[in-house]
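Two complexes come next, and they have one chain in common, chain A, joined by chain B in the first and chain C in the second.
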Partner chain A sequence: MATSVSVNNVVKKFGNVTVLKGISFHIEPGEFVTLLGPSGCGKTTILRIIAGFLDPEEGQVLFNDKVVNNVKPNKRNTAMCFQSYALFPNKTVYENIRFGLRMRKVPSDEQRQRVENAIAMVNLTGLGDRKPYELSGGQQQRVALARAIVVNPDILLFDEPLSNLDAKLRERVRMEIREVQKAMGITTIYVTHDQAEALSISDNVIAMSNGTIVQKASPRAIYDYPSTEFVADHIGAANIIPAEMGSAKGDFVEVNTPIGCLYANNFHHIKDQKIALCIRPEDLHPVLKKERMENMNIITGKIRNAIYMGNQLDLFFLVNDYLIRASVPKDYIIEEGATIDFAIPRDKVLVVGCEK
Partner chain B sequence: MPKMRKSPKSLSKKILGFLLPSAIGLVLFAWIAVPLIMAVLWSLVNPDYPWSYPQLFPTNVSLFQWEYIFKYTNLVQSILNSFFIAIMSMLVSFLLALPTAYAIGRRNIKGKETLKIIMLLPMAFPGMVMAMFLGRVLFMTGLSSTRIGIIIGHTLVGLPYMLRILTVSFESMQQDLIDAADNLGAGAWTKFSEIYFPMILPGLIAGCIFTFITSMQEFNIAFIVGAPIVQTIPTILYSYLGVNFLRTSASVVALILLIPNITLLFITERFLKTEYMGAALGKM
Partner chain C sequence: MMKKGKRFEWGYLLLIPGIGYILLFIIMSTYVMIMQSLGYYNYTGESGFSLQFWGEVFDQQFLDSLLYSLKIGIGSSMISIVICYPFVLILQKTKGKRILLSIMKTPMFIPALVGSFLIINIIDYHGIVNELLVFLRIIEEPLRLRNDKYGIGVLMIQVWKNVPFQMLIMSSAIESIRKDVVDAARNLGANIFSIIRHIILPLTLPSALIAVTLVFIGTFNDFAVSNTAGPLYPNSLSSLMLRNANVFGEWNLSACIGTMMMITTILLVSIYTLIAKRLEKLD
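So, the complex of A and B:
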């Protein structure tokens, strides 16, 4: 029923600029995948290539193992939600949602039934006669969603659909999108630059940088085990420390860093000499002096700033001129100027690839 | 004390809020209304009781001038000619401009900006010069003294307006809308009739009005190509403005020339206020 999507070695150039430098990935039927990356990394371009609005210079796009490069966008049976919503301004909400069904020559009784179901599904009952400009941003986004799902597309495409909404509304519509997608089991590709959105909505996250894919993993895996400095830095907060690979010590490797010699977890089996370490702020635990534990790295610092965030306490301290950030439970009372020992579990000090 | 401070402020506000707009309104009203009233009065003068200096208004009013004009000139035929030529040149410029504007507005064409400037060049050409050379060309092709000849000339004059307005309309359309239609399965015809057309409609109407009015009022080409066999309203009007300057007759023709223009302006008003403008200017 659901469709798989494969992208094989796709290259796209705009003039002299190569926007996609040979992208390949595979999406299982019914999977919800997020393309995450900073603006200009090519994530929207790949989405537009999948929809058929752009033709790649090289490479193939396959739906269910069938090459669709030469299939026109109106024959691909994808449905896209645009950042600008792209609702037809001269048509009512009802007409907007019905458009795709009319194009597919669905019988008119069925059209009415399906449009009404879709309107109910996105909680817009009673607004069918409005024009798009008479709706709020959140409502317009829901119309766009209804217009996309009503045609039973093989693939749902989202191009930063929530970036024009305020934070609270964004969270709600995000949940609604995920629920609708799960209920219908449609293969979904979602483009965003918001890492929280990517982690909370998807089965898998594809991190992109500069026209290449850096890592594809589940939200948990990509947060816990980023493969490069770039991914670590863009998904969640991270202390990134340049380091030099030392010798293996049991399950761990010894690395030399400006903040001292640490034992680290080489999860990705990186063999380079020049590497970086990723330490999540929440993995630094303040410990009493002289307390020594198994499998812990200990670093000591003098607290420069202690910032109370409500849900946590953020501590910033210098170790050999390196600013380190630690997030500790909100109930800790730690004064600025105090010298504190922090324990970091060895498996939470992750060896990541260096940016070239 | 605060009241004291308040009064000069509210006075200046009053001046700005009431007196200034009414003053501007009055000037504008005078600008439009005085010539109009004068034209009406002049067209009603009875030639047996000439309207001369000390009288503020004509002493005797009659429809003699109107009857005279309709009886002794080809005014009815020239009105028909004018409308026919204006509508035809409007349609031809629309048909020529539509694909061109689409190509310039929505496709990546090399030298797009140069094309846009070339498009506007005919507007910089003095009307009489253009009319003389065009008249020569049309004479050689045997289209002199025909309505088709004038239609060709008027299309040349009106086309730049139509092209410019339609190009801007096409350019300002969001690509997302077209992509969305494409994405939902729309074919080429549906995309044109349901997406492009409604979006360019305000521009299209504005362009049509421009070309129509330009043609209705155009004298140079109509005179050189058409006169005296094919007459339009302006060629008749101008014949009263020559050596035998007849203000009374000219007023009648001028008033007749006003009718289509004013009607069109009202139509434009109606159309440009439709929801497309609301969509374009309203909240997103």
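So, the complex of A and C:
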């Protein structure tokens, strides 16, 4: 039975600093949600409140629609993988991972089996007898991960569980986490700084800024249709251009910007608010021969830098003193100094809100 | 490379104050004591090797005193730590913990002799405790707690004096356990007892060992408290030693007793350490 998690209007203060300013979200049973946001925005604090280590000043946490604010952490059946690892320094790797099973009074044969599976899953075979101080940072992190996963909790809470692993291992373990999570149907909240990780692993991404939730959406939606400048800037690369709303033109709106008047997609129906435009670099297409274009904005610029990235070519050019970035397929041969027209589909020019 | 080696040698000079102190006051005096027990370094009369004093020292009085001192040493160090642990654990969760801790520390700053008299006033034949117990009709006659046969008064004074000292060590040991380690245990389903058993006890065991050892050394070799509140016979090895030297002028015998006190202390501390190592492995 998978568990749903609801957070209703949670406010958390440390002294007179309000760290969470009324957070609400709902997570379906078995859903995998990623919290994404800059350092210090309150991600760990939310996990600690859900796990029960912190009491919110206001608001409620519900598991399966039951308020758990007064349920002790050891009765919540969550398993957290700590950002600081928090391994038991006196216990071996094996005993660290076994601890949760012991507390749950799992039969000892089964304990051994499950611990060994977990050790294999995180590539720590043969290190079971080591103490935490005899491990590297990444190895310790994998122990923390195994220790949380092995108990098959109702809710998994990951606080940057892969931050210390190399790219290869990270990708592999990430996939394993996702597989286990799906197979068991464990509701999972996953904190990461790595936006590629967030997009690739989750059902939904929650973008946070400064103690508030800015947007919750599927990876595709949050990338294609970020609701604010902040989200656009933090998830993926984006050209953010200050803008002023003009009049509506059919499906699009006319928007005045320093790089000219553009037709844009007001997907979130933003009005009466300061706005900007978000244009993803890969949505700028160089126009090399004259062709008829429907529903395209055209801007023209002189290439300042052309940077070969292997999988693509990054072009930086100035339009009215405004630096714009375009990512084009790697086969283009474009010299620095050339003046080039770029076409941008109207529906890919997105109106986003600005923070005050 | 050469230069580095040279500078290193000069660096050893910095150790002179420390090593000199150890050599002069600890190793030398221990050496003199041991040699005295073998008949050397006599202040009066002849000096020369003799096992005579070692032959004489193990009489009934010595054995009674040794047993008494062991009882006080082991008893007070163990009782103190048993009292200390829950105290410190509860204090961690209490508001105003700093103030409480500093109040509880006061016995440490009262000299043993003064403390001894303070407590004697409470446990004396007509002291507060006895008067109260009699008044409440819990006992008919006041108990003899001071200078009692079993040294209960001494134990009480030593515990009173040493619990705060151990609390100092133990509270810093418990504070040094990272909070998220305890959180991790709770998160994995451990209740308060499992946390104490699996996390706090094993992690504070080395500190507890130090606390117990230091108190044992102090109380096993104590003189002041036993002399004021202890039984008339047997009394501590320290008093026996002092009496042999001062009253009977038997310096060599005193040296034998002193040597035995040292050996016993080292022996017991080693046993404590061994037990602690075993316990650590056990987990």
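Assume the second predicted complex is superposed on the first by the 322 of 356 C-alpha atoms of A that agree within 3 Å, B and C clash if a C-alpha of one lies under 4 Å from a C-alpha of the other, contacts with A are read in each partner's own complex, and residues count from 1 in each chain.
Keep this in mind: a residue touches a chain if its C-beta (ideal position, glycine included) is under 8 Å from a C-beta of that chain, and two chains touch if they have at least 3 such contacts.
Small disclaimer: the values here were computed from a predicted structure and weren't measured.
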| item | value |
| --- | --- |
| Overlay on chain A: chain C relative to chain B, clash or fit | clash |
| First, second, both or neither for A:R220, with chain B first and chain C second | neither |
| Partner chain in contact with A:K302 - chain B first, chain C second, else both or neither | neither |
| Which of chain B and chain C A:Y133 touches, first, second, both or neither | first |
| Contact residues of chain A, present in both the chain B and the chain C interface | 48, 51-53, 72-74, 77-80, 82, 84, 86-91, 99-100, 103-104, 147, 151 |
| Complex interface listing, chain A residues touching chain B | 48, 51-53, 72-75, 77-80, 82-84, 86-91, 99-100, 103-104, 131-133, 147, 151 |
| Footprint of chain A on chain B - complex, ascending | 174, 176-177, 179-187, 190, 194-195, 198-199, 275-276, 278-280, 282-284 |
| Residue numbers on chain C that touch chain A, as the complex places them | 178, 180-181, 183-191, 194, 198-199, 202-203, 280, 283 |
| Touch list for chain A against partner chain C, complex | 48, 51-53, 72-74, 77-80, 82, 84, 86-91, 95, 99-100, 103-104, 147, 151 |
